[in-house]
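One chain, chain A, links the two complexes that follow: it is found with chain B in the first and with chain C in the second.
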Partner chain A sequence: MDILQLLVSGLANGCIYGLIALGFVLIYKATEAINFAQGDMMMLGAFITLGLTNTGYMDLPFWIAVPLAIALMGVFGYLLDLIVIRRMFGEAQIAVVILTIALGFVMRFAAGTIFGHEPQSLETPYAGQDLRFGGVVLGVDEAVVVIATVALTVVLFLFFNRTKLGVAMQASSQNQLAAYYMGIPVRRVQSLIWGLAGVTATIAGVLYASKGSIDPSAGLLGIKAFAAAVIGGMGSLPGALLGGIIVGVIEPFASRYVAAGYSQIAPYLLLFLVLVFRPHGILAQVHRKKV
Partner chain B sequence: MSPLLEFDNVTLSFGGLVAVDRLSFTVENGEVFAIVGPNGAGKSTAFNLISRFYDPVEGKIRLAGDDLVQHPSHDLAGLGVARTFQNIELFDQATVLENLLIGRHRFRKSNLLTEIAFTPFVRDQERQHRHAVEEVIDFLDLQPYREKRIAGLPYGVRKVVELGRALATKPRLLLLDEPASGLSVEETRDMAYWIEDIKKQMGITVLMVEHDMHLVSSVSDRVLAMADGHKLALGTPDEVQSHPAVLEAYLGAGDTADREAAE
Partner chain C sequence: MRVVFKTSYDHDIGMFRHRAQATWYVLLLTGVLALPLLLGSFLIGEMTNMLIWAIAGMGLMILVGQTGQASLGHAAFLAIGAYANVILQQRAGLPFLVSFPLAGLIAGAAGVLLAIPTTRLHGIYLAIATLAVSILVEDFIVIAEPLTGGVGGMFAADITIFGYAINRYINPDAFYWLTLAVTLLVVYFYRNLLRSPLGRAFAAVRDSEISAQAMGVNVPRTKALAFGLSTGITGLAGALMGHYSGVITHENFTVIISIQMLLMIVIGGLGTIHGAFFGAMVVVFLPQALSFLRDWVSGMTGGGSVAISGLETAVFAMILIAFILFEPMGIYGRWLKIRTYFELFPFYRKNMFRRQKSYLKTERMR
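On to the complex of A and B.
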């Protein structure tokens, strides 16, 4: 029972890591750059939702605030690429990485100035309710996390495999040159991928803030999600979710069974082991380039 | 009626280096037109100008009278221009079938919701795309590889898949960048048959850059020989191969002199 309980709570956290990791992988596959502001976009999405729905702010109904925040962050991601990131085209990858780190600082600062640095919780219609299955207690908030992640995974799967835009995104991330000559406007598709990364970040943010609290530095969670993305295989979307769930599940077990000081390092220890023994991640899609 | 493709006094230079120098030629509807020349002659640059990789410094490139320079490269498929690459640019993580289906991208009517719901209209469209792709698979004998991933396929097969993907876009003008490079003798022979059939059965105009003079002379209606960015000769394969300027460029002035002395 104990193990089951740990598993359940780890799963919910893992889904959130997985969703942030998904954002890392989306952008990495499309542009070969790593967006270290992905965690901060999660935080920003959560704060925008909070600002729209919490009493004392705009007080909109939760089910209106969430889609609105998702749409706003989608547009934000799209414009971020269009106005800022695209200007770095042709620069060294490290320059783009440092730019995204700086963007993360800006987002943290902006959120702190507007919402303050104190942790706040997102007011949800389902806060504080529990589901009981035998001896296992599952918060409704945790159940929502798992259900939303599964639903989003299904929608993304259909999107990438069935829609013209989804297939165009896959094509652009596999071979830009060829994609152009299939009639795909690669740059616009890349901006749309940044938009999609904003959308998934916001969903992760809402789920995160609804099961705990959020403060402007919550985006630093992105580091753990980055580890999850690498563990899963940086080029693989299912790998990102898997990596997230693995990291999420390891954490509660480590803090339960390992000495306090060491439990924190468990996800990174796993990252280390994966990098040594399976350097391209668990679900790697790696093929050697033939010379 | 204007020619399908027209180069009108086109110049492109990189810094001080003139890659294409006041080049003019036309490609007529329904012909196979080859560009030949030694390395660095500007053949690939001419190709990349049509592909909208580069903007010409001077001159005009027209497709059926329409100024091509106005269009970004992702417009080309819609205008009926498809190309292959010397080094093969496929979607390596996808199957042969998926690669060919992406060739149908320009015909897909986009609507996220109907696509996710897979409505009868979308299903019908999908069936048409599959049908078009199966025709290409039959034409190029790709049946054994239909569900195979590109990453594991031999070079010769990938070359054919890339040709198939270009055909799936239903082009008016097909650009082939060294279609025989890296192919075995038999594979090159197949390629020659296909190029003829593409012209005769499908009515597609072919413009190719190729080194294999045997392939060029067996399939081309007209040949443009280039050297140092400009036109050396233009005519039938025989005319071009026996043109003095071409012989000189290929064999060097010394060799020609030797040969003349021997005669």
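On to the complex of A and C.
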């Protein structure tokens, strides 16, 4: 029963990592760029929701605030690409990485200046309620996390494989020039994917903030989520979720059964081992290298 | 405009391009040697700090700028250098002149060890693997308390060279000259490295691994050597950093420092020795300039001084964004362009430094 409880709480945490990792994978899938600011976008989304719904701020109803925040962050992501990232078109991958790291710093500063550096918690209608299955206690917030994550992954997976826009996104990363010839507006497609990444980041942020508290440095969680994305296999949506859950589940078990101090290194040790033995992740998509 | 007329291969690998360039560098050397006579002890301390960051930057530059291997984990090797130096002095009782090079060697060996499993990784995967190493080493410092003093950290004793004690606060000028000597040695080594076959192999690996392999470069060995040299030099910087700050803890070597080091050399200009120095100047003098500016503004408005936390990082990040968008070659690249403009005046063309852009193709199958 103890193990089951650890598993459940790990699963909920893992889903959050998985959601942030989804954002990484989305952008990687469509533009081959890595958005190191994904964690900070999550933080920003959470803070926008918090600013809209908390009683200390604008005090809107929760179910109005969340879609509003999602829409705002979607527009934010689109504009971010339109104004900043698009200029990096055709530049080296590492340059985009560095650019997004810097953008993350700026977002963290902006959120810290507006909302302060103290941890705050998001007021949700379902806070503090529990579900009990036998001896296992599951908070409603945790259940919401798991359900929302799985639903979002399925929707995104279908979006990428079934819809015209999703296929266009994949095409524009697989061969940019050919995608242009086929009449795909590659630049606009890339901006759309950044908007979509903003949307998933906000959902992750809302779920994360409802489970605990959020402060401007919460974006550093992005590093752990990135580890999850790489463990699962960069470029694979189910892989991102799988990696997130693996990282999330390992953490509580490590802190329960391994000496303190050693437990927090478990995800990174796993990441390092995966990279050494399976350099492209568990659900790898690279099978051969072109010259 | 100066036309350099090369009459032998020796000219091609010469230390300086022409006599006038050598003259400028000799003037610069005299200037920095005489600096303690001109500046107060605070500014000399800051200059020393700048030189230490420049050494660390050069270490990272060999890997990122010369060999094209991204590393987000160099704070780990700063830490290894700093701790190795202090531990060798305290536990083994070695003098600074022995422990300092040994610290570099240990950090270099650690880099080669890291390179063995990671040479298969490319680009972003390598960056994330080194990021993981940075986090692991930071945690390891806390865990290995008997060796490293855990959370409390360690105190670095004064440097003693043949009975002459050097302390940052008591005789800052001596510490400055010591750091300057190390910096000059590293610059000399770096410059020579670029002229050697190994340096050319680094550049070949950076530009295309497959072409390098076809030309007979042993790619894994070259990468491992790049890692070793890079981390070794960074380790030396770490050892100096330990003596500079007096006390070292795991918090001096967080993953944020790793990231900051990479950002630093990008601002300075990737692939050049000058870039490491320009980047270090930005990192060290930006906070000073900002606090100066803040005092000035609050003096103008008459209000109390306003402290905005995180402002330095944000300004640093915004400068970085501006550079990546508008000047990808960094401060040194901008300087090159300005110099060329005046050398060629009035024949400078706008697209002279323009780079070929490429269309993206994925290596993924789905």
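We adopt the following convention: the second predicted complex is superposed on the first by the 288 of 291 C-alpha atoms of A that agree within 3 Å, B and C clash if a C-alpha of one lies under 4 Å from a C-alpha of the other, contacts with A are read in each partner's own complex, and residues count from 1 in each chain.
Going forward, a residue touches a chain if its C-beta (ideal position, glycine included) is under 8 Å from a C-beta of that chain, and two chains touch if they have at least 3 such contacts.
Note that this is a predicted model, so its numbers are computed, not measured.
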item	value
First, second, both or neither for A:Leu165, with chain B first and chain C second	first
Touched chain A residues, chain B compared with chain C	C
Which superposed partner A:Ile114 touches (first chain B, second chain C, both, neither)	neither
Which of chain B and chain C A:Ala227 touches, first, second, both or neither	second
Contacts of A:Gln174 with chain B and chain C, given as first, second, both or neither	both
Which of chain B and chain C A:Ile94 touches, first, second, both or neither	second
Which of chain B and chain C A:Tyr268 touches, first, second, both or neither	second
Which superposed partner A:Phe105 touches (first chain B, second chain C, both, neither)	second
Which superposed partner A:Val84 touches (first chain B, second chain C, both, neither)	second
Touched partner set for A:Ile34, first chain B, second chain C, both or neither	second
Footprint overlap on chain A, where chain B in one structure and chain C in the other make contact	170, 174-175, 177, 285, 287
Touch list for chain C against partner chain A, complex	70, 117-118, 120-121, 123-125, 127-129, 131-133, 135-136, 139-140, 142-143, 210, 255, 259, 262-263, 266, 308-311, 313-314, 316-318, 320-321, 324-325, 328, 357-366
Residue numbers on chain A that touch chain B, as the complex places them	155, 158-159, 162-165, 167-168, 170-171, 174-175, 177-186, 285, 287
Chain A-facing residues of chain B, complex	51, 72-78, 82-83, 85, 89-94, 101-103, 105-106, 108-110, 112, 115-116, 118, 151, 165, 169
Of all residues in chain A, those that touch chain C in their complex	31-32, 34, 84, 87-91, 93-95, 97-99, 101-106, 108-110, 112-113, 117, 170, 173-177, 216, 223, 226-227, 230, 234-235, 261-262, 264-265, 268-269, 271-272, 275-276, 279-280, 285-287, 289-291
